[in-house]
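Structures incoming, each one as structure tokens.
Look for chain A in each of the two complexes below; its partner is chain B in the first and chain C in the second.
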Partner chain A sequence: MELLLQTLLNGVLAAGVYALVASGLALAVGVVGIVNFAHGEFLMIGAFVSYLLFAARGIDPLVSLGVAAVAVFLVGAISYYGLIRPVLSAPELNQMLLTFGLSVLLQNLALLLFGADTRVVSPPYQGATLSLGGLSFGVVPFAAFGLSLLILLGLYWFLGRTRLGFAVRAVAQNRLAPGLLGIETQQVYLLAFGLSAALAGIAGVMLSVMLYASPTVGFAYTLKAFAIVVMAGLGNLRGVLWAALALAMAEALVSTYVPGGGGWVEAVFFLVIFAVLTWRSWRRT
Partner chain B sequence: MKRVLVGLLALLGLALAQTTLRVGVLLPLSGVSSVSGKAALNGIQLAADQVNAGGKVKLELVTADDGTDPAKAVPALTKLMTVDKVDIVIGGLASGVTYALSGPIKQYKPLFLCIGAASSVVENAFSGYDQFFHYHPWDYHNVAAALDFFKSLYSQGARKVAILYEDGPFGSAGIKIYQEQLQKAGYAVQAEPFKTGSGNFTAILTRFKAFKPDILYWIGYDVDALPISTQVRQVGLAPKLVYGAPPSWPVGFDKNPLSSDVVGMTAWLPSVSNTESRKFSAAYKKQYGEITDEYMAPMGYTIVLSLAKAAEAAGSADKDKIAEALAKVRMDTPFGPLAFKPSDTGKTQYQGFDSSIWLQFQYLGGTRRPVFPKSVAARPLRYPGSY
Partner chain C sequence: MRLVGLILGLVLVFPVFPLGRWQAFTLDTAQFAFIVTVLALSWDLLARTGQLSLAQGAFFGLGAYAAGLSAPALGTIGGLLLGAAVAALSSLLLGLATLRLQGIYFAIATLAFSEVMRTLVLKAEFTGGATGLPVAPAFGGSWVLGGYYLAAAVLVLGVLTSLWVGRSRLSYAQAAARQGEAVARVLGVAVVRVKLLSFLLSSALAGLAGGVYAMKTLFLSPYDAFGLGRAVEALVIPIFGGLYTTLGPLLGGLLLVALETWLRLEIKDGYLVVYGLILILAILFMPKGLVGLWRARGKTAKEDRNA
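And now, the complex of A and B:
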């Protein structure tokens, strides 16, 4: 029983960061209507902001969270203005190729600037643990989960309770009508894409403490984020949290209970997506 | 006028006597093995500069990045062979990449000086290729060296080993041998695969908790070092020893408090006390302004010096004559004496080093300290460690 509870706890804690990364991606897909393959590289920028501030000035990653959010928001906004906006009316394949190119460009830029080395951030609380009954878990994953939850709740509040949030949702539902009603569609897109990037940047700071900073750190999480967004339904922000939870749980259960399950982690993600998409198509027919 | 003529003739004589070699260097300068690849390149460049300054052999290096990726390595080798027209290639650091290179190498037939690639799969792939010089020990040598250490831990009361291994060729190739040998040594063993870079080990480590291992032994890459060190504490596994076997460790890991007491295996450390090691460390510091802990740096250095020695002995740039001379090379290196002999299985003809070069170190006070075998130990092993 203790093993099961510990496994479920591991799954819940992992789901927080998954949901944070996937929410940013869902925002870009749902509002701007663009599949952003460079989302993982925005995460990587956040990780490097955290590493550089820590290595150069000893700045705690908790402080870097705000800096990274603003910095990556700006990178996202510039990317939107310079690259995404001109192709918004282009075929989807062109948009995808563009964001894929942006991903390759940013990754190689990081390789040129920092090299391919894996770099670690070492705040004093990195290995701190908490015990609850027979269960044991890390302070950092727990805090990352809590922070992710808070940010996501803030995002839902913003979208559901503020005028600007209404405008974002309106644009997400219909690209033309909000413009006719005086909503600045381009500014909403800019805000949504910048926010999407900022969420990835914040997740990057968290991952710099939990994992490492390197030019390729975003890749694995982008794959998982795509899986979560697909499972939730493209652009469905509320579904992201549940999809992240379901996939993280599946991953934890298989890793714990299936012999050799650690090697199946990535396959589990995509098996669940397979099952969900197939189930959806059966339900429709 | 006469003096000028004599000087010119002397220079001409020197140029004629000098053997010029164009050498391809194919290393992982990006990807998961890049730390080792860049260290190796530094060592190669350092030795090449020394050889060129000596004046007897002139080395022209043509460097290419294999990206720790077979899909990048094969075209890079093809370019070295067909465009850059090299006859000698130094490379083959990661096993998976080197295995993929075995076909093209046999096709273009360069003199291949292999710096890494410990997997027996690579030994099989190059079986019968007579221009293959493998400097690095094979995986069975690694197993033998690690087993000596584990036997000494057994005498200190360790009985159970949990093995975490990445599921690619690097982690999986020798895993069966490890398990069998450890069981033969009296250990109870539980082994689990993982995806390198996934960063999530809590589930597997939670599973290990029921097994209550004395030793957690992980075989993966630098990206896995910090997540494993952190999550061992987070799930409360509390092993008596964490033993890691990545090809290289992350930048800054030694200064991270979570690295404390972690044990690993290496072929060389700057503190190794032999004349060639001291010479190498001093030259490296002079050229790069820092000391390296990566054993691939002296390995690259050793390969180039042995190649230059062979070229000098052969008195020719012909790769077959150089290979013949290299087979007879006897020299002292930062790792100890080097002399080529057939591999233990007899599948390849020219094997440089064996299990004797390996040593175990422990992260203590922010640096790697040799702790085993006793002949090289700078201080006793902290066992049980605090994780």
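And now, the complex of A and C:
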């Protein structure tokens, strides 16, 4: 019973970061209409920003969160301006190939610059744990979970309560009408894509402490974010929360209860994708 | 078309060239180039329906492992055929689940599929796991040029398949499915069946290429055979050379593998940067590839059909 509770707790804590990464991807897919295979690489850049600041100046990851968010927002905005905008009206195949190319480019650029080693940001509180009624959990995952929730609440507030947020949602619903109503569609795309990248970058800072920074760290998160977005339905931002929770729970259960589960965890997201797609494709016909 | 014949002719007589001490190296590089070119041709077969496969590396790896494991019992040719069959069977399962949906879902599922296949091979016992799998050379290694001509034969097979599909009725169905699925359905094209058939052909060819690769390197590891690099090569080459053509992947494959071999001597990791860059630049500025540049000078009726 205690093991089960502990497992479920781990699952809930992991779900926060998953939801953060996947919400970013859902924004790119839902608003801009771009399937961004380089989403995980934005996360990787965030992780390296955190590592470099920590290694060079000993700057706390909490401070790096803000720096990384701004830096990765800019990277996303530049990517949108230089790469995504020219292919917005191109065939879907070209769009996907372009973001895949960006992913390959960024991943291997990082490999050239930093090598394949994994680097961990280890502030003094990294190993601290809290215990509550027999269950124990790390301070860092707990803080990351809380921060993720706060940021997601902020995102929902922005989309649901501000004029700019209304504009973003309007553009997501219809590509033509908002332009006629005087909304600058291009700027909304730019904002949405930058935000999408920034969310990944923030998650990257968290992962630099909980996991590590490495050129390939983002790739698995691209796939997991896709699994979550596909489960929620493309572009459905609220569904992302539940889907993230489901994926994280499934992974936690597999890693605890399946013998030799360490490696099989990496297959869970595929089963999720495969099952959801099979269900979707047979429901449609 | 004549250029394709010329290149294949050169491929067949290449070992006769007196290259002195460079011969072993160039033959080895050429063999690798043929294998990668077949992979590129196979990717293009599916791309003609407008679907993006990121699992070409996985079919390559499946073919390589199946051929490597079965060659001692079935012989060289038997092992290669089994490799192609295993790849085709797995593509059938993947395709049945995902090809009915929008292209986005298919691309995501293939990417996830290739990741999971690598995990499975890494975890399984009979594949040698992370240690790797030694493979016997083609035809027991008794014929020095056996490996070269095996790769050349598969290249010829890949080129012929690509040409044949390009001239068959299937090519019209593929173009219709790519350009407007709804219209194609109205016109009576069985879109899902066309996509599935293209996917089967494509993955079988990729599996075959993988088998030849296994018998060339003589040693397989999950990181190498299932690496993302293979999937990247498979799609950058046709885009660089020219999508939906036979000449494009052929020309692009030979050029880019030569470039890659040189880069690997200069820098070890991260040579894929160049592939990422070529991919982005080609999509932005040269969406019809080298062949498109060539043809821009004299537009033919055939190109209008293929466009």
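Rule of thumb we're sticking to: the second predicted complex is superposed on the first by the 276 of 285 C-alpha atoms of A that agree within 3 Å, B and C clash if a C-alpha of one lies under 4 Å from a C-alpha of the other, contacts with A are read in each partner's own complex, and residues count from 1 in each chain.
Rule of thumb we're sticking to: a contact is a pair of C-beta atoms (placed from the backbone, for glycine too) under 8 Å apart; a residue touches a chain by one contact, two chains touch by 3 or more.
Model, not experiment: these values are computed from the prediction.
Aligning the two structures on chain A places chain B and chain C in clashing positions.
Shared-chain residue A:8: touches no atom of chain B or chain C.
Shared-chain residue A:137: touches chain B; no touch with chain C. Judged by the touch definition given at the top, the superposed model places A:263 against both chain B and chain C. Look at A:116: by the touch rule set out above, it reaches both chain B and chain C.
When both complexes are overlaid on chain A, the residue A:273 reaches chain C alone and has no touch with chain B.
Contacts of A:127 after superposition on the shared chain: chain B is touched, whereas chain C is not.
In the overlay built on the shared chain, the residue A:105 is in contact with chain C alone; chain B does not reach it. Touched by chain B in one complex and by chain C in the other are residues 111, 115-116, 220, 260, 263, 266 of chain A. Residues of chain B touching chain A in their complex: 29-31, 34-35, 38, 164, 167, 192-195, 197-204, 206-207, 209-210, 222-223, 225-227, 229-231, 233-236, 250-253, 255-258.
In the complex of the two chains, the chain C residues touching chain A come out as 47, 50-52, 54, 97-98, 100-105, 107-109, 111-113, 115-116, 119-120, 122-123, 178, 228, 232, 235-236, 239, 267, 269-273, 275-277, 279-280, 283-284, 287.
Chain A meets chain B in the complex at residues 3, 6-7, 10, 13-14, 55, 111, 115-120, 122, 124, 126-127, 129, 131, 136-138, 140-141, 207, 210-212, 214, 216, 220, 251-253, 255-256, 259-263, 265-266. Within the complex formed with chain C, the residues of chain A that make contact are 29, 35, 37, 83, 86-87, 90-94, 96-98, 100-109, 111-112, 115-116, 219-220, 223, 226-227, 230, 234, 260, 263-264, 266-267, 269-270, 273-274, 277-278, 280-281, 284-285.
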